[in-house]
Structure formats: C-alpha cells, structure tokens
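One chain, chain A, appears in both complexes that follow, with chain B as partner in the first and chain C in the second.
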Partner chain A sequence: MANPAPLRSRLRRYGTSYTMLLPFLGLFAAFLIWPLANSLYLSFTTFDGINPAAFTGLDNFRDLAQDARFMHVLRNTSVYVVASVLLGTLLSLGLALAFNGSGWAHRVMRTVFFLPSVTSSIALMLMWKWVLFPSDVGLANTIVSRLGGTAVAWLATPGLTIPILVLMSVWGGMGYGMVLYVAGLGSIPQEYYEAAEIDGASAWRRFRHITLPLLRPVTTYVVVTGLIGAFQVFEAVYIVFRGTNNIGGVLDSGLMIVPYLYDQGFTHFKLGYASAIAWVLFLIIFVLSLVNLRLGRAMKEL
Partner chain B sequence: MRRTTAACGTVLLALLAAACATSGQAPTRQADRDAPATLSFWSTGGDDETAIFQKAADLYHREHPNVTIKVQTLSWDDAYAKLLAAATSRSGPDVISGGMTWTIQFGARGAMVDLRQHGLDALKAQAQPAQWESATSPDGSVYGVPLDMSTLALYYRTDLLAKAGLDAPPKTWDELTAAIGRLKAAGVDKPYSQDWGNLDWIGYFNYLYQAGGTFYTPDCKPSLDTPQAERALTYWVKLYREHGAPTASVEASDALDTGTALVVGGNWIAKGIDVNKPKLKGKWAMTTLPAGPAGPTTFIGGRAIGVTSFSEHAATGADFVRFMYSDQAIAAIVEEARKRNLPYIPPRPDKVVDSSSFTPDQARVFERAFRTGKAAPGCPGWDESAPDVSKHLQSAILGKADVKTALAEAAKVMARNAG
Partner chain C sequence: MARLNGHLLRLPFYLLSVTMVVPFYWLLITVFKPPAELARTPPSFVPHSPTVANFYDAAWSPERVNPGHLQGIFQRFQVDFGFWRFLFNSVFITAAITAGALLICSLAAYVIAKHDIKGRRAIFLLIVASMMVPWQTTLIPNYVIMRNLGWLDSYAGYIVPALAKAFVLFFLVQFLQSVPDELIQAARVDGAGEWRIWWRIVLPLLRPALAAMSIFIVLAEWNNFLWPLIIVQSDEMANLPVALARLNSYYAGPDHQGAIMAGGLLASVPTIVFFLIFQRYFVRGIALSGLKG
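And then the complex of A and B:
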C-alpha cells in the first residue's frame, strides 16, 4: 500500500508537473476513456440511439458470428489488409533503397513520394473518384481509350474494387514508409558494409544479412502501423464506392469493418451492434499487433 | 496494484456510462404558445434549398409575429447521423426534413411527434396518395408529411434520335429495346444509360410496378416470387447484358453531354442542363419513362417534414408544417426557387404544373408521372432490407445469379427483416 509520507514528498516535488498534466488528462478522460467505456458497455446492449439501452449480454457477439455479411466483411478486410500492407511495405523499402542518398535528385524524389501523406485524405479520395469516373471522360478511361481499349466500369465491377482500394492505399502510404526506412538505413553503421565487402559478400548478401536484420525495428513499426491503418480503412470506401443505398460498393465488394460499423450504427440505429463490431476490430488489431511485435522480436527497440 | 486500480477505474467508468445511457426519457415540457418562440428547422439539402424554405418561414413569421423559424442546412451526406445525434441528446431541431422514410424510422423510436395529434392527417386530401402512404408508418402514425416530390424521366438527345430515324422517344418497353437497336445501327455508341436507380432497387422499382408487380402484398408480405417480378427483372437484366446499359452511373446531364441518346434520370436534372451544358441547348427533350405491360408506373421520391418529440414548441411546429401546404407558402418557395434556378416540386399534385420551379412543359411530364406513380414501400423492415435487395438485384445483373434465385434471395431477406 502507498505510504503517506513519500506520497506527500512526491506531491511536493512533482505537484506542479501533475497540475500541468491535468488539462490533458481531463481531455483524455472525457474524449477517449469515457467514450471507450461507453462503447464497451453498449456492445453488450441493444441501443438504437434514442431509447434507453437494454442489456443483452453476449447477444451482439453471437449475432456477429452468424452474420453472413460480417463474414463477408472480414474476408474483404483480410484480403485488403494483407495486400496493402505487404505491397506497401515492399514498395516503401524499395523506394527507400532507391532514394536514400543525400543528393538533390534523391531529396526531390523523396519529397514527391511523400507528398500524398501530407495531403488531405478526403481530397485524395475525391481525386481518385474523378480519375476512376465511369464515363469515358474519367482520366483512367481516357487513357484506356487512347490505348485502344474500351471504357471500364471501374467502380461498378466487383472484382476491381479491392485492387483499386489497395492501389489507393499503397500509392498514398508508401512515401511515409519510405521516409521511415530512409531513417533506418541512415542509422546502419557503414563499417558493417565495409567489413562485409572485404570478406567478399555480394550486394544481395549484404542486403540480406546486414540491411534487412538491422531494419527489423523499422519494419515492425511500418507493418504494425500499416496493419492498424488498413484495418480501419473508411474514407476510401465511403467516398469512392458508396452508392445511393449501400455503403460498400456493388455487391458489397468493398465493404470493410469500419464502413460496416458506421452503416449499422448510424444508418440502421444499431449502436450496440456497431459497438460490438468495434470491439471485435480492436481485438483483431490487438492480437495481430502482439503477434507482429513478438515475431519482430523488437519489443525492446520499441 | 496499478493494474488493479486501472481496471477498477475502467469498470467504474463503464458503470457510470451505463447509468448515463439508461436514464429514461420523459415527455418534453411544452412552452407557452403565446410567448415569443424561436424554432429551428433542420432542412436536409443544399444551402440554396435552405434559402427557399426560409422564405416560407419568413412569411409564417409575418403572420405570427411571435414565432421566428430559423432554417438550417443539413447536407445529405451526414444529415442522418446528425439527426440521430440530435435525437440521442434530445436537443436541437424542432422541425426536421429528410429522406421519405426517415421520419418513420425516428418516429418508431419515439423521436417524432405523431402529427395526427395536431390534425395534420387532414393534409392527406391534398397530397399525392401513394407518397402520403409512403410517409405514413405501418401502424398509421403520421410522423412526417411529404415536403416535396421527385420522380424520374426519360431524357433524350433529339439530334441522335433523328440520326437513327426515330421521330419520337420510345413509349413502351418494346419500343425502348427497338430504339436502342436502331440507335446502335445508326452508329450511336451509347444508346441508353440510367442515372438515378442504376444497379439499385429504385431502378428496379419502375420495372417491377410497370410489369404489375410490387415489393410487398398489401398486408406487407414480400411478393417478389411472382411472374411479374420475374418478368420485370428479366427485362431489366436484358437492358444491361444484351442492350449494353452501363453498370457504372454517370450523372444524367453528363451522360447526355458525352453522347448518350436515352438517359433515365431524376426530375431535378431538367433544371440544370441548359445552364451547365450550354452545348446541349435545343438538342435534348424529356418524357415519361416507357410503359411496361401493366402501365407507366414510376417511382415517386421526395422529402418528408416532421416535428421532433423533444421540441418545446410541438404545436407551433405542426402548425408551420401545415402552413407549408398553403398556397401562399408554396408560392413563396417557388418564387425563390425560380430565382435561384433550383428544382422544386410542391407536395400537392394540383400545384405541379403552375407552381413548380420547372417550365410548364417539363412540369407536365412530371405531372403525368405523379398521376400513376408509386412511392417506396412503407412496410416494416424495408429500410433494413433495401441494401440487401439491391445486392441480390446486382448479382442478377452481373450474371452471378439467375433472375429467379436473385428474387427468391431478396424475398428471404425481406421476410427475415419483417420480423
């Protein structure tokens, strides 16, 4: 148990600091802890947003396990997450290796690839929507028809939905990963490469046995943040693929966890069910991140 | 120890949250009707539309100097979520407008006033019967009344039709497919497309009713397993798969502008073509949708307006809603809509031709559609079912399921959601 004397002396020593932390803690409690606790509670209730919530135990989670649409959502999200994180990480690393010099050309290229990360995501999504505009006046279709092809219904072809979402995510996110990797590359001591070169190691072996292992903490970070971001994809689906009556594109081909959550909670008055989806999403991300951190053996570095 | 404290803290917070979320609701205390009152009207639509409804509100203020009504814009994109937030906190607007079925949805959960208490069921005599029915809850409650009307029309390029030797737009399903064939033969790449309702239940709605089918029987049993429903979907699917109707939706005026000969689009499109696409001036015209074997029935949409149950001025709000049906209110709204070149059709069929913001020729086309038009089904569970029904229709259009299976699956969803 806490001893009163050290507490008082600690208060005297750190009192000012704690007071200065209070405004933050207040906001943190009001806008994070409070809503989180609320949503945890609501996930065990049926709540339509207007009438009082009724406690239903694990019913929401049981319903989720039998919800065919939710299973479809999980499949969609898994495919999207795997593809976008894998491609995003590989391309980030590739770009970093290509442009990690300090010359102006490399700096310019790094800036160019980083630009999507500093642009508003809503603006980017609207731009993609215009690029993929279904008529032959859309940029993508103009190019296709210049090359002699026929106009493609980009946003109305179920098989193209996830590839388009992956393309948008990789294009928008690889510059950010690149910057992290460039920083990681810069921290690898040059001596290792010199020693390896003297031992006659090929460029591939130097990459495989020096660069990759030493970049592991960066890779872990890029993959974990990428996973979290990919699981939470929302704007891309909501802005680019939403139809008049459905949120996830033709045949739900682009319906992901968060858009489904939004749809259930805010257009179908099922806030309890939506909260349950949110907590399932939390569990998935939590478990995957843990696995990833273990696999990366990077707990200490982080 | 620290973990235990944190865990205890979280549990405590959760309990507090529970206590907060479960606090019951009492009927809202009503303000004195004679005291000055300011009402807020959340209007779903654009800022321009807010301005036209504000004209009616100003007129109301002139007649009732004690009452001020402020109209505020909710954009279509987030209106529903904002209204839900207002209903949850039981504060905000006194009067709201939005999608036709929204007031039913909010009403069923106790967030709207049953306007029958204020005698507004009398407005039924003035409204379009099918639209009125669609705004009425399955149990007969009137949580909202139509605020305006919308429908679909067939827009066409007169120059392209002339090129194919067609001197009139198609009037029936058979004429439509024949016209598409002739346009193709005359070298028109894009003979036909659909904007409003493309790949969606609203699109199917027209064919379904034109074939003599319905989504539900009068006692709200799903009725998609009929030969009529099958015939309608077969024809619709053929338009996509054999006649090349695009699955991707292009806004109707853009479609006309980029060389589509026949386009199904919302009535509001007519307002903007000459202004936004000056090249098309004199080259386009419009008519009602081609009739099916059972007739020309066309979808009627629009917005509903209602009074919230958490308003302190429910009686005044209801009186304002009634006022919106008066000749003078409609005149004020239409005058402003014309000035701003906005599409507006009043909810009274007798006013469509002389008191809409469209030209009389255009308004006559809409009036014909309203005469036989039907509105969205008001049966329980329809709103939940609509996205899934659309999905099953899409699977037939995209060739992933045959017509019969798609309809049977859609009917299953409707039966499940009907409870």
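And then the complex of A and C:
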C-alpha cells in the first residue's frame, strides 16, 4: 500500500485549504444560512423589530391563508408571471430567429433590443412613469390624442396596472432572452438543416423538428429564470405605481409578493408576518428550481 | 422568393424595434428640453431650444425665484458634492463587491475544485442548493443583523453581505474542473505554496470566467434597489437607484422630468460603457453557464 504524504505536511495543506475556504464559508453562513434559518423561526412569531419575538406557532400562516389582500397578491402575481414569461419567451425566440445573422442590420437590431438589459433599471422605470404621464404632456397620451382619443390615467386605472407591468417586463427582458436563443441557434450544426432540405422538409418542418427540440435547454433556462425573476418583481411596482399611502397602486391593483413583504415588514413593522410571506416566496421558487433540475435531468436521459 | 419571405416574416419584428427606440428617444429629448417646454402640450418631438440646464442651470439660485429655471440634477441634493456623491457611492460599492466577491469566490472555488479535502462534496452541494433561495427570504433577518452590527447606513452594510455569491462560486468551480490538474501539480512540485498557486496560476487561468462573472455582478449590484432602500436612511449613503427614487417621489411635475431623466441617463452611461468593453466575455459567459448543462 502506498504510504500517503507524511501526516504533518498533509495537515499543513489541509489547514491552508480550510483557511482559503473560510472567507466564503464564514460570509455564506453569516448572511445566508443563519438568516434563512432565522427567517423560518421569525415566521412562527410576532415580531415588531424592537421587542423580543413572541412565538405564535402557525398563526402567521393561518392569517395569511385568510388574508384577502394576500389572496389578491397571489392572484396578481400569478397573472403577471404567466403573462410576462409566456409573452417574453415567445418574443425572445421570434427575435432570435429573425435577427441571428451576422450582417450589420441584424447586429443593429440585436443591440436595440438588448439595450434595456444594460440600462439602469431605475432609469427605465422613471422613463416609463414619464411616458405614461396622466395629462397630455406624456408620450402615451400624446399618441392617444393624435389617434383621436382622450387622455388616459394610465397609472390610476386598476385594470391597466398588470398589463402595463407585463408590457414593461417584456419590453425590458425580451432582448436578453433573444441573446440566449441566438447563442443556442449558433450551436445547432448546419448539417442538420442541409440534410433535412435534401430530404425535402419544409421550412416549418425544419423549425418544428430540428430547431425547436434542439433549443429545448435554452427554452427551459429562459422560462425558469424568467419565472423566478417574475415572482420577485418589486422595483416596477414600487417606482411606477406606489401612491402616497399605498405601495401597490390604486386598489392594490399591482400589489405582488415582494412589495407586500416590504409593506408588511418595513411599513407596518410586522416582521414575523413578513417572514411568513418570505417563506411562501421561498417555497414557490424552490419548487420551480426543483422542476428545473428534474427537467434538466430528464432531458439528459432522453 | 425565399429572401422576400424572410423579410416579410421579419417585418413585425422591425416594427417592434420602433417601440424599443421611441421611449429611449423620448428620454433623450426630455433631458435636453427646458422646463417650460416640458410642461407644454402637445409636447415637441425635437427640442425647440436645446439646453443642458437639466444637468446644471447657472441661472437658478436658491435665493430668488427665477421663472422658467429649476435646479439641474447636480443642484438637487443637499449633500456634499450633490449628485456626484451618488455616482461615487454606486461606483465604489459596485467595484468593491465585484472585486471582493471574485477574490473570495475564486479562493473557495480553487479549494473545492482542486483540493482533496474532507467534506468538499457536502459543502459544494450546500452552496449549489442555496442558489434556489430567493435572497428576499433573508431580507428581514439580514436587516436585523445590520441594525445590531450598527451597519445600517454604511458601506459595510452594502458590501459585506453581498460578497459570498453562490452562483459565482458554482460557475468558477465548473470552469476550474475543465482545467487540467497538471499545471497546478507542476507548480506544487516546484515548491509553490497554495496561496501563490492561487494568485499566480489559478487567477490567470480563470480570467475569462472572472470577466464573464464580473458583468453579471456589476449589472446586478449597479441596479440593486431593495436592499439599499431598507438599509439606507441618509442622503449621503444613497446609491444612484435610491437617490433617483427619492428624487422621483419629491418632484412629480412635468417640468421636473428633465432633471430626473438627466439623472437616469447619467446612471445608465457607466453600465453601457462597461458592457461595451466586456461584451465578448458576456456571450461566452452565457454559453458557459446556463446552456451547457
């Protein structure tokens, strides 16, 4: 049997290894693992941030289940998530198929659609708020009045809130998805298409039976990261729709999970209740990630 | 015929690009319109009297009202250095987090990928599993920790909790696993210590991966809003997003939009420039991370 390195030198090397791991693991434990456990604990308590947390068992979750506002939050979030991810993914794919060439026109188009991804997101939100200004000085209302309509109170009409949030999300995100799809398209061997053409397959059949299946990993990635990002929406609601005493816009029409968490935790200082909301968000994202893993593995086995 | 078909199919997407350009154009012309022109209906689509007053208006003074003149973005905040302060905060915080995270994560990634230590699989698994945790779940306990440490309203509160990034570590470990062990073994045989190997061999090898990761970190930290919103109270410690959000809640009128949009434009220039410099790493980073597995 080969004798391993002398014990002392092995210890020294291991010592170095753990020292090198320490900064990461220390910060990771202090600002992720411990807070995660702590927030689970807080979700079973009543806590105002000042007095010690009082254990109340499942009360927070029971209250959440009966909280009409929270049900509204879940409904808003679901509609927003499904609409923005569906539209965003379809348009990303469409854009990638339309502009995946290397000529200047395609490159310009890709840059134009990608621009929001590298623009300050706050700047984009402020831009939208200004575009949707309620009177005739705003861009949207100028267009409406040119078309013969009357000024719309875009940000104060409950029925328009979710559509506007979806529009902002799709507008800002489709360029990013497009870049991912373009990368995916580039990795499909050209020979597949040539072979299919020789066999007389139509453009639609080539798309349906070569492009789409081979893009499946990209689609999974775009959809899952899109879902996860959409569930965490905050800024758009807070910047564009927040009123003087209502974070989620008129009649809570734009109230979603993270804005509600912020509202309960940092406006009303119900930190225990807000932690319960945080754990609902965690469970949703966790299940989505597991589905992602499962899908990924299933793909590989196919 | 096929070409014509292609152009017809692309037509809706060319039209869609108009909806991309128009809001940006609207932002840009707003920046260069004087307040009076901004309040006029119908709005002009080419500024009648272009001005840089929305950045700095020499005719405005706090002592007397001067009709038609408002503070430019650099005159809006009662902190030392005004708007420059937020630009500095954002640049400093983003740079510190990016550099710190890349150093700390590359150290740990080197150990996990190339050292044969007990528990490394378990550690790696834990870190990968943590990528499924939305960071908002830890928001409230982290806020309490910051308060107890006295780190509210401080650079430490921005930077320290943001350094241990699981996705960066995961990406670097993956990248290092594709690097042959021989280089590192050879250095060990030559008597180089582990820290030296990390600094002299591993970091240079990781360069493309670090460049790709730096883009993701820079964009995320530059736009970070919810965390600063919670931990920052003073104007002095605000980053650009928080400062602009405050500006937006103080001034609602159309005549103020010029200065607000000027602020938004200034907040966007650094990331756009940064991206232009590093963009080739970005596409490679996407190809390496999301799509391979």
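Annotations
The rule is simple: the second predicted complex is superposed on the first by the 271 of 302 C-alpha atoms of A that agree within 3 Å, B and C clash if a C-alpha of one lies under 4 Å from a C-alpha of the other, contacts with A are read in each partner's own complex, and residues count from 1 in each chain.
By our rule, a contact is a pair of C-beta atoms (placed from the backbone, for glycine too) under 8 Å apart; a residue touches a chain by one contact, two chains touch by 3 or more.
Since the model is a prediction, treat every value here as computed from it, not as a measurement.
Judged by the touch definition given at the top, the superposed model places A:D252 against chain B, while chain C stays out of reach.
Once the two structures are overlaid, the count of chain A residues touched is higher for C than for its counterpart among chain B and chain C.
Of the two partner chains, chain C is the only one that A:I285 touches; chain B does not reach it. Legend: residue contacts after superposition of the two complexes on their common chain; A:A196 is shown touching neither chain B nor chain C. By the document's definition of touching, neither partner reaches A:L87: not chain B, not chain C.
In the superposition on chain A, A:W34 contacts both chain B and chain C. By the touch criterion defined above, A:H268 reaches chain B but does not reach chain C. Of the two partner chains placed by the overlay, only chain C lies in contact with A:S120; chain B stays clear of it.
In the superposed model, A:P217 lies in contact with chain C only, and not with chain B. With both structures placed on the common chain, the touch criterion links A:L155 to chain B but leaves chain C unconnected. Under the contact criterion defined above, the residues of chain A that touch both chain B in one complex and chain C in the other are 33-34, 38, 42, 49, 133, 135-137, 266.
Only residues 10, 13-14, 16-18, 20-25, 80-81, 84-85, 87-88, 105-106, 109-111, 196-197, 199-202, 246-250, 254-255, 258, 383-384, 386-388, 390-391, 394-395, 398, 400 of chain B touch chain A when the two sit together in their complex. Across the interface of their complex, chain B is touched by residues 33-34, 37-38, 40-42, 45, 47-53, 69, 133-137, 153-158, 243-247, 250-252, 263, 266-269 of chain A. Contacts from chain C toward chain A in the complex involve residues 9-10, 13-14, 16-17, 19-24, 26-27, 30, 38-43, 104-105, 107-108, 110-112, 115, 117-118, 123, 126-127, 130-134, 136-145, 160-161, 163-164, 166, 169, 193-195, 198, 219, 222-223, 225-226, 229-230, 240-241, 244-245, 248-249, 254, 257, 260-261, 263-265, 267-268, 271-272, 275, 283, 286-287, 290-291, 293. For chain A in complex with chain C, the residues that touch the partner chain are 13-14, 16-18, 20-21, 23-25, 27-28, 30-36, 38-39, 42, 49, 91, 94-95, 98-99, 109, 112-113, 115-124, 126-131, 133, 135-139, 142, 145, 171, 175, 179-180, 183-184, 187, 217-218, 221, 225, 228, 231-232, 234-235, 238-239, 242, 258, 261-262, 265-266, 271, 274-275, 278-279, 281-282, 285-286, 289-290, 296.
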